């Protein structure tokens, strides 16, 4: 899959047009500009999934003020670019997180806070949390700490912005490429109970969909 | 209905804060001083580490592995091993530093690490003698 | 204390555990009537918590009801034992509304049944099909290993005790070897110039 | 019941929602803007603490308990430490007691500032969270210095505390309290007296006074109904019987009354801290000598301890069995009853816009409901 930033078809058309008119470089410059703007306007969906959510208010309010870097909180996943998974995920939360992530528009990114999503963390022997988040969802940036200080969270933002600016391969592209792999893992650990299932035909629901 | 005059006017006093000094820390440029006792990342003085694995034993998160260092630092090291910490497990409770018999394992006040690959969180404690001091 | 004499009439003993903590132990048959008399006669109107302890070795659950008076200046624990197999308790939700949620939790975590309880549905777990997780015979680490893989980069970890043993043995061997070498050397030297030895002896 | 729910629309308030106090959800059946039925769902944060504690030794388990309630970890640490001390028969020194009391009161202030941000944010006063979260951060800076942790302190250890006071700490605390006293006047002007807050909050979420004691509502929910009860006064622990403070009450039982009670409690906390600064002993042990972690055994006995957290009484039941591990630890926080028995009832026939405000004012903290 092409890593085009305007969506694949439009991207190809634009490129052709630029090349026809002898402006091959313009396309690159445009893409760079788009990347820069994208890196400076990251909208974060307001979903505190774990302990790390307690460091979100200081990060987003006046003391550390992530807004000066263009990182702003929004209410719904439809408007968001980034979801911060702030800590351990219980199986019940993972179902909601997968749904929230799939509702987000591309390009979308995932940042994890704390040790728990990396290798289980404090709850490594707990029966209700997942241990390796990158089996189920593609992670762009992991920040360690229990919990990470606002400084560490901002470091995570800086790293994410750098990656966007350099046009490195983002998590959502991996998710599209290895969709079967991620779905298989999700089904294995969630026992097939992903409600509503990803294949749900929303326009021809036969039995009442369970929300 | 009576109008609550005080309730309407008193919130306007917030305008006065326009003239106060801003409290924001512009972090990546200006860094806050983190006190020395802060429980940040691990440092280990390899010249005094005796490889006793007390830290491995007390860690309830099973975060510490004993591995061979690249060369021998301390001839008195009983097992020839030094601790390596999995930052996908650690909770910075500092029990490992409390039980360390020679006091070689300590917690630094550096505490930020972000990486794009979740496999990169096995942390080798830096070989520092004291907090904030480079080893020779 | 006033309560102690009242309980003595019911042939029960009030034990003081801490400064503000008392406990009463009672058999299961009289539990419901005792709770009612605590509420209606002794003035213990608040149900603070219900909890369950799994005594696996003896085969029963210890149930503790913590009650407080209107003054809230001390806590009385009413403890009873029920059989672990097919455990069942009378529901208290008609008397104390908050018991509904506490009993729902206990049903999920220990598998205790409450006949007549209106909402014995999922509390914290979802699609759980294993044994109730807070029972002591549920091994959480085994369950985790069957569900989730951990990271594999840590396979190079060594057992420090083994390494210590190995190093000690290596040291011993080295020492022995050094000793033998020294002896051999000494013997060799003694062979080569025996006159030195004679000189030393002198 | 079925008939009432005719023509209603069902929406989920949470878990992904900016107005929720944590990772939980409330299922609402709406008729227009009016709520006809509310049902709480938790479990998004269940980690099985009570199981994990059984697998660890006492020394290891103490680091995990502060994670039970994220906004205020210290009452959990205090409860755990006191329960272990009760079981093992440890006595702690006067200085350790003073330090622990101080940490609890500091935590109470920090939690109240965070609550203020949430309460103001839930009715759209965007300025107050910007200020109050920043003010809370100054307290966290002091915690960093004292305990080495910003949010999770892991400081109150069975047998005392883990570190001594750093040099000049009490002076810094005293300066911060001066600053807080000035700030509370500012918050009075901009938030508590604000006509917007009054219009929204007065008469909303009224708790029935007759239910309070029987249903086990605690904390500000109880005190805003005119019931003057506080664990610090009724069953004094640590140094609270030697400190002079009042229990503020209000009579109305609505959201506004709870807010005023919280504000008065902040002032009382400052008063307590000032006394502690004056009375703090200069010398003294801070940590009792305890056995090594594999040899620290608890007798086969059980105990029940209560601590007044910033949202109400928090209780721990703990039982040992003669081994180095804990047989059973049960946590009963204030949120369990508030989120189910109380909230489900309060929301019926209220407006959708008031849900976030009511939840905030009850001080519901999801990680503590399900552990």
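A, B, C and D label the chains in the order they appear, each numbered from 1.
In the analysis below, a residue touches a chain if its C-beta (ideal position, glycine included) is under 8 Å from a C-beta of that chain, and two chains touch if they have at least 3 such contacts.
As the structure is a computational prediction, the values presented were derived from the model and not from experiment.
K.L.:
Return the chain whose centre of C-alpha atoms lies at maximal distance from the corresponding centre of subunit A.
P.N.:
C
K.L.:
If you average the Cα atoms of subunit B and of subunit D to get two centres, how far apart are those centres in Å?
P.N.:
26
K.L.:
Please report how many Å separate the Cα centroid of subunit C from that of subunit D, as a whole number.
P.N.:
Taking the average C-alpha coordinate of subunit C and of subunit D, the gap between them is 25 Å.
K.L.:
Between subunit A and subunit D, what's the gap in Å when you average each chain's C-alpha atoms?
P.N.:
Subunit A and subunit D have C-alpha centres separated by 32 Å.
K.L.:
Subunit B: which residues touch two or more other chains?
P.N.:
Touching at least two other chains: 23, 86, 88, 91-92, 118.
K.L.:
Could you tell me which residues belong to subunit A and also touch two or more other chains?
P.N.:
62-63, 92, 118-120, 122, 124-128, 132, 146, 149
K.L.:
Using the touch definition from the top, which residues of subunit D touch two or more other chains?
P.N.:
Expected reply: 43, 46, 48, 51-52, 55, 63-64, 134, 152.
K.L.:
Viewed as a graph of touching chains, is the assembly arranged as a line, ring, star, complete set, or other?
P.N.:
complete
K.L.:
Across the complex, what residues on subunit A touch subunit D?
P.N.:
45-51, 53-55, 57-58, 61-63, 73, 75, 77, 88, 90, 92-93, 96, 100, 122-123, 125-129, 146-147, 149, 211
K.L.:
Under the stated contact criterion, what part of subunit A meets subunit C in this complex?
P.N.:
On the subunit A side, the touching residues are 91-92, 95, 118-120, 124-128, 130-132, 135, 189-191, 193.
K.L.:
Sort out for me which residues of subunit B touch subunit D in the complex.
P.N.:
That would be residues 4, 6-8, 10-11, 13-14, 23, 34-35, 37-39, 58, 60, 91-95, 98-99, 107 of subunit B.
K.L.:
With touch defined as at the start, can you tell me which subunit D residues reach subunit C in the complex?
P.N.:
So the residues of subunit D touching subunit C come out as 42-43, 46, 48, 50-52, 54-55, 86, 213-216, 229, 231, 234-235, 301-306, 315, 317, 319, 327-328, 330, 332, 336-337, 340-341, 370.
K.L.:
Which residues of subunit D touch subunit A in the complex?
P.N.:
Residues in contact with subunit A: 10, 12, 15-18, 22-23, 43-48, 51-52, 55, 63-64, 67, 70-71, 114, 117, 129-131, 133-134, 136-137, 140, 150-152, 367.
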